[in-house]
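The following pair of complexes shares a single chain, chain A, combined with chain B in the former and chain C in the latter.
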Partner chain A sequence: MERIIMKKLINHPDNVLKEQLQGMQLAHADLINVHFDPYYITRKDAPVKGKVALISGGGSGHEPMHGGFVGKGMLDAACPGEIFTSPTPDQMYEAAKAVDGGAGVLNIVKNYTGDVMNFEMAADLARADGIKVQNIIIDDDVAVKDSLYTAGRRGVGTTVLVEKICGGAAEAGYDLEKLSALCRKVNQYGRSMGMALTSCITPANGSPSFEIGDDEMEIGIGIHGEPGIKREKMKSLDEITEEMTMGIIEDPAYTRKHKEWSFEKDEWIEVEQTDEPFQKGDSVIAFVNSMGGTPVSELYGVYNKMNEVCEKNGIKVVRNLIGPYITSLEMQGCSITLLKVDDEILKFWDAPALTPAFRR
Partner chain B sequence: MKKTQVLDWLYRTAAFMEENKTYLTKLDTAIGDADHGNNMHRGFSNVIEQLPKYEEKDIGSICKAVAMVLISKVGGASGPLYGTMFMQAANTVNGKEELSGDDLKKFLKAGLEGIIMRGKASVGDKTMVDAYTPALAAFSDSIENGDDISSALDKAVAASEEGMKSTIPLIAKKGRASYLGERSKDHQDPGATSLTLMLTAMRDASKA
Partner chain C sequence: MERIIMKKLINHPDNVLKEQLQGMQLAHADLINVHFDPYYITRKDAPVKGKVALISGGGSGHEPMHGGFVGKGMLDAACPGEIFTSPTPDQMYEAAKAVDGGAGVLNIVKNYTGDVMNFEMAADLARADGIKVQNIIIDDDVAVKDSLYTAGRRGVGTTVLVEKICGGAAEAGYDLEKLSALCRKVNQYGRSMGMALTSCITPANGSPSFEIGDDEMEIGIGIHGEPGIKREKMKSLDEITEEMTMGIIEDPAYTRKHKEWSFEKDEWIEVEQTDEPFQKGDSVIAFVNSMGGTPVSELYGVYNKMNEVCEKNGIKVVRNLIGPYITSLEMQGCSITLLKVDDEILKFWDAPALTPAFRR
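Our next item is the complex of A and B:
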């Protein structure tokens, strides 16, 4: 096979996903099973009888999300698509059949047009087989202001927190309806914002997905190497962190409609939801995430300033998560997620988990 | 349009997607996530790889098989959209070995309705619907005026190209390009482009 010259640890772009999944299977054979036709990853002891199964998925290139979060206390299955390309319905359908323990399946879907459509088709296929399925959409990116003229807010950092919290609740015996309600609540309580210092290169393209000057940064990015909402001249850590944190704290109420399955009507329905803004006195989980290329040391710098901005605004950080958890290949940059918590959310955040990338 | 021409259409589409892989991805890099060319190429090379298995069947079954391959191989938003398009279109031509102008009109109409059902886009949102809608209107008018399939497809392709170009100044309202807001202006929509390639392949097949 012809070797493609690109400064990446890969062989041929066509084989990247397969080789990486093979490595994952070898490294974590005690926790997960990787299936190759089609691609999906299941927890070792699936299906867990009587427990609602949690499935998520999306394009690859965001590792450790989602495959790294498969295991006890988090996901039952993850479906990796090609790099930055949503997975196909057959993957989620096969995964649902493999992990349904009789209590139904909750699909955690990030709000990207392709992901939403593919998960919808997969849910229809699984339902035709008699599996109870609900899809809950995660859309927490405050950089997107309206849902009327766009595909709505993207699913970013809150997704990781949802997978941990709902995973804990599923383990504790929540039924599909209760788990869906918790998932919806966590999404409504979570808000994120991301920024990039550099672009990233997908193996299939071999060139950066956007051009950016040495003295520039991109604010309000998603997680697919797509350009953000605006481009600015490079600023200091404190200025950048303050802009992002305030963007989250001051984000007003956000209303949009999501498609969910109505078990009563036996059809997809549009459900209107509103995220209420943060208020003085709120307690939050703060998640400072690397886009892949930013070192953990710099994330602590972000956390330091973010904490100060939160305190100044009456927001109390009661838990944190710091590190590369939802990445964009080798992109330099970070995202901040603040998730308002209550006793229910905290209890499941603190619950045990044993997965390749998250252990408690 | 004979079955052999329908098959020829699919082979030509695959060839177009291969030739234009880099071009489609370049368009998608500007306003999307830089994978449209690769995804369409992967999808249609799988389609023609599997095609020998279905060649003996009727046009409806062939198109249904194409739909399933696209749904399972393309990913992104284009997989479900083009997959649904072929699936809905296939349902109108079950059991047929040849398509009349009127058959092809129904076939194309159901395809567009499939895309709209799945993607909820309207004309002006900067999507494949902007090329498909005028193309279908031009084709239908032409057939109703008594033109043959090949000249009706000439008009459809011309309308599709015009629709495709009309996406350039638009602000995207659907899909990943919508996040760019004003910055999505001055770029041609990759989906409208691949749709136009597909219609062009159909026109070429109708003349071969």
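Our next item is the complex of A and C:
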């Protein structure tokens, strides 16, 4: 094969995903099984009898999400697409068959057109085999509606929190209906915004996904480098953090329409949901995420200012998650997610988990 | 204050460390206490009566090391210097007084001239207060001897493994002498090599620490961007990984001389130790570390090839650690550490730990 020169630790771009998944299998053989044709990752003890199985998936390049969250207390399976490319329905269908323990499957789907469409097709295929399947769409990015790859809001940081919380509830015996309701609620309670300092290089392109000046940053960026709210001159940590945090806190009520499966009507129906804005007195989980290339030290700086802004606005941070969990390859930047909590959400956030990238 | 423009999530460079430590305190108030004058971080329940206290420290910019490893089963205290700058003796001295539970203190010191000198002074100060203190130097980087900031080998990845293993042993009741012996052994059994694809920006400088071409990489680099073995054209993942892994496996016996405290003679003495090269049949913990900016997906690619090279050479990988644990700010690149294990080392590697950055 020809030598491809780019500043990444890879061999030929065609083999990147396969080789990385081989490494993951070798490293975490005690927790997961990686399947290669098609690609999907299952927890070691799948299928777990009587437990609703949680599946997520999406383009690769956002690691550790989703494969790193497969294991006890989080996902039963993850379906990695090629980098920044939706996985295919056959991956999701094979995963569903592999992990269904008789109590059905909940697909957690980030709101990107390809992901939504393919998870629908996969649900139909699995249903034809007698597997109960529900799809819940995550769309928490307050920065933009109708972006490059999305109708409506994009699904970003809340997805990680959903996977932990619903994973805990599934482990505790929630049935598919109750788990779907919890998943919907967490999505409605969660809001995120991201920003980037640098671009990233996908192996297939070998050059930066977008250009950004040495003194510029992009506010409201998506996890594939999709344009955000604005491109502007670099600002201070305090200014950036305040802008993002206030963008989340002041985000108005949002009404979404998504297709969900109606078990009564035996068909896909359009479901409308409205999430209420944050209010003084809310308690939240605060998730400060690295886009990949930003070190955790800088995230602590963000967390420090974010906490101050929350306090000033009557929002109490009761739990946190800080680190690179939903990334865009080596992009520098960060995102903030605030998730309003109640007792049910906190209980399952605090529940044990044992996965390659998250342990409690 | 004047506005400083650089592509980092920071306010004024003078406040970076303070603000990040404030964020850390807020985020992990259940696990640690951050002290601000001078800076040091202690585990929440320090001092633990009857347990030897483990202290480490070094320049900041390598997060999560060391502050992220403070907590049950790892460090009792960490002393963060300014970025890429040794902490001062008074930080280490105050930390020793705060965490000594009557069984003495073991200082784990990476082999950089400033760190070694300051930890010696701190040990003398603590000893004058009646605290038993030993210093063990970590020097595991096989790439270069006598680098920019070091006489002899630099201390790198093995430090993380030492902190976990000795932390487990301290928790299990090892006295200072036994713990010092284990620490020495882990250092003798561990070897590392690093490489960089990009430079990094320290807030104090505001510009890249060193220049590196768009098609170049540096093999054998240090965690402060110190020059390595060679600057060369970008190679494939397989070539880079093979070169680093073989560099570690084929590294010959190394003889070090360090000062340690003799409790018999009541003075610092020079101790000579020789570590033996790896041999066919050795079992190892393999640690694939991101320098900060390299995403975990690429580390899995490195792990995959590294495992193959180890197998070919009769080295069996029995445990692993993969992620950004000892970093150089946002530098892209990775390091590999192989640590020969025996039953004692494995037992404490597998022991529980509860810290901001490492949980088991």
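Keep in mind that, in the parts below, the second predicted complex is superposed on the first by the 354 of 360 C-alpha atoms of A that agree within 3 Å, B and C clash if a C-alpha of one lies under 4 Å from a C-alpha of the other, contacts with A are read in each partner's own complex, and residues count from 1 in each chain.
Simple rule for what comes next: a residue touches a chain if its C-beta (ideal position, glycine included) is under 8 Å from a C-beta of that chain, and two chains touch if they have at least 3 such contacts.
These numbers were taken from a predicted model, which means no experiment stands behind them.
Participant: Considering only touches as defined above, state whether A:Asn11 meets chain B (first), chain C (second), both or neither.
Facilitator: It touches chain C, and chain B stays clear.
Participant: Answer with first, second, both or neither: which of chain B and chain C does A:Thr294 touch in the superposed model?
Facilitator: second
Participant: Check the residue A:Asp215 against both partner chains and state whether it touches chain B (first), chain C (second), both, or neither.
Facilitator: Second partner only, chain C.
Participant: Determine, under the contact definition given at the top, whether A:Phe263 touches first (chain B), second (chain C), both, or neither.
Facilitator: Neither partner.
Participant: For chain A, which residues belong to both interfaces, chain B and chain C?
Facilitator: none
Participant: Flag every residue of chain B that touches chain A in the complex, lowest number first.
Facilitator: 25, 29, 32-35, 38-39, 42, 71-81, 118-119, 171, 173-176, 178-181, 183
Participant: Contact residues on chain C for chain A in the complex?
Facilitator: Going through chain C, the ones touching chain A are 3, 5-12, 16, 19-24, 26-27, 60-61, 63-64, 68, 197-198, 214-215, 217, 233-234, 236-238, 240-241, 292-305, 307, 317, 320, 322, 324, 327, 329-330, 332, 334, 357, 359-360.
Participant: In the complex formed with chain B, which residues of chain A make contact?
Facilitator: 38, 59, 81-90, 112-114, 117-118, 120-121, 143-144, 149-151, 154, 202, 204-205, 209-210, 222, 224-227, 229
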